[in-house]
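There's a structure below that I have some questions on.
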Amino acid sequence: MLKKTAIEKISQLAAVLMEKGTLLAPVKEVAGHNFAEINDPQKVDLNFYNTIISPKGAFFPPKEDFIKYKIGKTITEAEQIKVDSKPVFLFGVRPCDVKSFSIMDIHFNAAGIIDPYWSQRRKATTIFGYAYDLNQPVDAADFYNSLGIYAADPEGSDIFMVKKDKDLLLKGITPKGEELLAQLNTLVDAGKDDEKYYEETLKKGKEYKTRFLCIDQDVIAKKLEAVFNNNDFWTKVSSACLSCGACTFVCPNCYCFDICDDTIFGKGTRRRVWDACMFTDFTLEASGHNPRTQVYQRLRQKINHKYSYHVKKYGVISCVGCGRCTRSCPVNIDIYSIVEEALKL
Amino acid sequence: MDFEPKILGIACNWCTYTGADLAGTTRLQYPQNVRVVRVMCSSRINPSFIFRALQLGADGVLVGGCHPGDCHYNTGNLYARRRLATTKKILEFAGIEPGRFRVEWISASEGNRFAEVVEEFTTQVKNLGPQTKLKIQE
Amino acid sequence: MSRIGVFVCHCGLNIAKTVRVSELAEFAATLPDVVVARDYKFMCSTPGQEMIQRDIKEYKLDRVIVTACSPLMHEKTFRKVIENAGLNQYLLTIVNIREQLSWVTHDIEEGTAKAKALLNGAVYRARLLAPLTSRVIDVNPDVLVVGGGIAGIQAALELANTGTKVYLVEKNSTIGGHMAQFDKTFPTLDCSACILTPKMDAVLQHKNIQMLTYSEVTEVKGYVGNFDITIKQKARYVDHNKCNACLACTEKCPGKGVSEWDEGLVKRKAIYIPFPQAVPQKPVIDRESCTYFIKGKCKLCQKVCEQKAIDFEQQETFSTVKVGAVIVATGYDLMDTKPLVQYGYGQYPGVYHSLEVERLFNSAGPTGGKVTLRDGKEPQSIALLHCIGSRDKNYCEHCSRVCCMYSLKFAHLFKEKTSADVYQFYIDMRAAGKGYEEFYNRLIEEDVKFIRGKGARVTDSEEEPGRLIVEAEDTLTSKFLRVPVDMVVLCPAIVPRADSKDLARLFNLSTDKQGFFMERHPKLAPLATMTEGVFIAGVCQSPKDIPDTVAQAYGAAAEALTIVVKDKMELDATTAMVNPASCCGCQNCVRVCPYSAPSFNVDKRVSEINEALCKGCGLCASVCPTSAIIARHFTNEQVLAEMEGLMEF
Amino acid sequence: MTDFKKIEENLKKEAKRLLESGEVTVVLAYGKGFDEKHPMPFAAKSVADVDNIVFNEYCNYNMARYLVRYPQGTKIAIAVKAADSRAVIQLIQEEKIKKENLVLLGIPVIGMKNPKTDEVIDSKTTCGMHNPVLYDVLLGEEVHGQKIVSPYDVLAEYEAMDKDARWQFWKDQFDKCIRCYACRKACPMCYCDPCFIDQNKPKWADKAPQSPGNIMYHLTRFHHLAGRCIDCGECSRACPVDIPLYLFHKKVAKECEEMFNQVSGMSIEDKPVLVNFRVEDSDKILE
């Protein structure tokens, strides 16, 4: 089933989705677009390349409250915070980002320990994938092709969307998506030429070239292991690194977090917040010892985690080549170039 | 009901705290909105204390120290003057009413000055109404 | 988890009147970590103290909160209490609900509510308190006394007699102070010199006293038990080691200076001793009036000096003394009455101030003890004007305390030495001292005319040139009076020494509104100051008569002794320390510390604090961007927690 | 206009000379990034590295940020534009580095651009000066005759706001903060390790990226940088969500300048204003 709507009427679609549940969609901010919970359907803005921050926050929010507690005289009362089971519509996710969810699933949802927060949110969410606009130039930072992802891959989406001139075509991919699509009465059925356009776009997506490097996950995993002690290399590639968390916070695949208690007036919340392996105190131990005091050690950890440890542990690279880290890096460190350099060693 | 502001006072041990004691010894009457934290010197006051106090819901913050030149530690309050003046400018540019933060030099013998300042400041903060901007909403 | 005991004091009705104390204790019992909460009539009394100690044992308390009067009042008392029960003294928190609460409100609702908030703050803070170990330091057994007036002399002698080494610093070239200027003392009329000069001599002779005349304190370093005090010896231009006090020099000297000792009534030589009984009996040269220093030649004194003691090249020198305690007894100045033009001082020669009159009576004074006016004539009528500048909101609010009595003394002496009519213009006659009222009664009988009314103005007389008219309102008859007299004696306000601010700064003393040095507590610590180890005695604390001054001198000596008799003492443990793991090496602490306690370890790239130098102000902790500096007992966590507790309710 | 190519040549020439002669062991400059618009901070440690050096209008980086990373005593040459040289001066004032270990390669420049927006940053987000305040070698001709624009002009709009509007403005800005700390890491003056915000004892603020913690972090950071910020604007350019931190820093700098009559990073003889005082400071500053 292929449906369509005029892009200028996108707010109508948004309004319908908002009635059914929570809508997360790109909105324009000063610096660019980001996913946000929509309160005003007019705010939904599909005129974007990709968001600054990845949509991972839909399942793994920057701040997830677990428990609310009250420190009492004899007993501390605690109450678990339940994830809202209301349907969520994650609208306008680029194919590389859709792919990132399945990689994160392994960690949060499949590797023996089920993270209830991630898994419940995943279940409640319908993903509206959205092909890149093939008429726009590729951003120089992107390299998702190198990871086998293409600009118009519907895989992983429940509904996949393609922009056709002034229209938006929506295709149900999964039964969940099909079902929802059928209920969205602001949409109209797409015509034959739309069908054709949709199919062609998927094909043309393969031709829409980002930077490309032949990355065999086992080769790179071994390579990085082999060059682990090549301090010259790591020092050189990290010499500009500021050790901030920009890259990891915008990354769709970084999942490290910290758990902290925030208490005021004896009442508090235990929550998890995003953490970054690039932070100095990320590995700081209670004893005061810190195994990764140097910038190069931290950057090496980040690259290795994504391209080596993750491969060994979960059988897949923890990177989708969305280019966000490169774009957000205050000093333009480019993970692609580092991998490229490493492979040459 | 009238709004009764909660005001955090931070007083240096040697001058303002002693001055506040003197106000009591001489049985001066003043509003009870100010709750005083004693520190050894006004220079002990970390600017973040002020930000934190406002986050904790203080409607105003009153800092008291020795008169410049009379600091028990010679020059502590001269540093405090610069550091707290800067704090005030920061609050102001952030859009916090400048009237919510005040620094006063009150010596150990100025019990009446302490009472006066508390009276004045309480009225001033009362007129500004509850401080909601920085207060952490539970 | 802490085990906190809360002890709420009623302080009789002082607190209980405006704070519902039992409700406060009940409230305390509901707070987390509070295992026992009680209220009691007088927590500082023996039963109160024992209650706390019993509960510490019975409830295994590890924190104690006493909700009572100001910590400045009884923190030390209760620290002792918990320490004797086996708890570290720094685990005590005092909540001030008296001075800063019950005494400043009439509203019991308001009082109780605020008391709860304050107590809650204390509970938050108490949880984070840490036991601290007091530093034990060696105590220097010597004492410095600043000021060689009667207070300083008495204190120095008392201390010296116990075997304590005393340094007595005096700004002038002789000790003796104002008392040495007086002729008689009230109310007994005994001769001032007769009772003072033996003491001055005793100072000179005492082997335990090192007298440093013509000297000033210029720098104070260190702290109680270990002060390092720099003393400037002004250039005397006479080598006192060589001088044999023959005073031949003073006879030959052609220089003429104004005699400060005689309050400017006469001239003295450029090389001089201030008065014949001066101690030491050795002269100094006043540069300002010395012919050699003015014109470059003379040196007559040098020629006549057989001891070759004159040294025109002498420079001021600085020496450092190490002492364990200091007594400041720097006395007073008279207020300068020239700006009070209505009294005509400096304008009419017949107007005198009280110290000038003291000199007129003195047989060693400018007139040899004869009461004559500046023109040499004996006055036929004399007016004594009380409260010039004192008890006056425009100038000094305080009462100078001794003027009534010395005016009576003057009146008596005038009657004795002249046949003049004597008028007393007073606001109130204050004669609250042993024998004072009796002395007043005696004077009434001596035909002194008492006019209850403050002298308002002194003018010259148009009818009788040379005479003065004193204008006043007699408040008993409500009549406006104009009294013609030959001589007017002003009793100016007693004010702090002109340089007392500098001294206050040197010793870190607080001053009151008038500028007198502040005592630590007006009742319970009248001689101690906010600076540990520095005591005050005499008029530098507030105006008082000789008996009170001497009593304070004894007291201050005893206070100083309590410190220096011990060879070790405990210092407050509330110093700062550096957590090297958090230090970012910015050196802010090094830049700001007034005591140079922090220093930068170049090898480790972190700051370190010398706790012996730290006075615990906490400045370093607030300028430390990484919170690496822990201001013990006032740590960031403790202050933040207290703030949180205070703001909760 | 600035001849960027010329400066690049001179920079390479000097770097080569300094490394060859052994005068320095590191040259902190700018290197090639993944494309021309994205150059990177670059540490040249050998003559071979010099080829990688570039200079163009996107080389905004304040290389002073990297100085404290090297062990004390390391001989370093550093490329400095106007604000960068002020950062070096400020670091010398704070005794983090020593002048004797540095060779300052001064770059007078106009027309530096923000690669994200392509707008010229000169006086808007940076201090508005064109010539380095301190240098040993000048790599181009000093810029003169430019219209003098106060770096504080951009504040007018915000100063004119009513306090509630200004609060709303900043609250919205700080609410965006994701606590990646790129601002502090890009700042040449933020050399603290650990930063106060990372501490648990005392815990100054929540770690979660939400309003109270964000505000505490930023306000305190403004105070820590008061009288020290040299207005290079790196914090704002580093921010992935474009919080205009430079505005606040400029305002604090302006206030400090008015109160203490000293501009940060202008003289190595100065002492940072907030760890200093003058007896004659006026109580008026507290009003």
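As written, the chains take the letters A, B, C and D, and residue 1 is the first residue of each chain.
In the analysis below, a residue touches a chain if its C-beta (ideal position, glycine included) is under 8 Å from a C-beta of that chain, and two chains touch if they have at least 3 such contacts.
In this text, all values refer to a predicted model and were calculated from it rather than measured experimentally.
The most distant chain from chain D, with centres taken as the mean of CA atoms, is C. Ranking A-D and C-D by contacting C-beta pairs places A-D first. The chain closest to the protein's centre is B, with centres computed as averages of CA atoms.
For the pair chain A and chain D, the distance between C-alpha centroids works out to 32 Å.
We define each chain's centre as the mean of its Cα atoms; on that basis chain C and chain D are separated by 53 Å. Distance between chain B and chain D, defined via averaged C-alpha coordinates, is recorded as 34 Å. Inter-chain spacing, taken between the CA centroids of chain A and chain B, is 48 Å.
Shared contact sites, meaning residues of chain A that touch two or more other chains, fall at 264-265. Within chain B, residues 47, 52, 56, 69, 75, 79, 83, 136 each touch two or more of the remaining chains. Listed for chain D are residues 193-194, 196, 204, 274-276, each touching two or more other chains. Residues of chain D touching chain C in their complex: 72, 94-96, 191-196, 199, 201-202, 204, 224, 271-272, 274-276. Taken together, the chain C residues at the contact with chain B in this complex read 70-73, 96, 98-107, 110-111, 113-114, 117-118, 121, 501, 504-505, 508, 510-513, 518, 530-531, 574, 592, 594-595, 615-619, 621-623, 631, 634, 636, 639-640, 642-644, 646-647.
Put simply, chain D touches chain B in their complex at residues 158, 161, 163-171, 196, 204, 212, 215-216, 219-220, 222-223, 226-227, 248, 251-252, 255-256, 259-260, 273-279, 281, 283, 285-286.
Of all residues in chain B, only 47-48, 51-52, 55, 68-69, 75, 78-79, 81-97, 102-103, 105, 133-134, 136 touch chain D in the complex they form.
Against chain A, in their complex, chain D makes its touches with residues 31, 33-35, 37-43, 61, 65-66, 69, 116, 176, 178-182, 184-186, 193-194, 198, 206-210, 234, 237-242.
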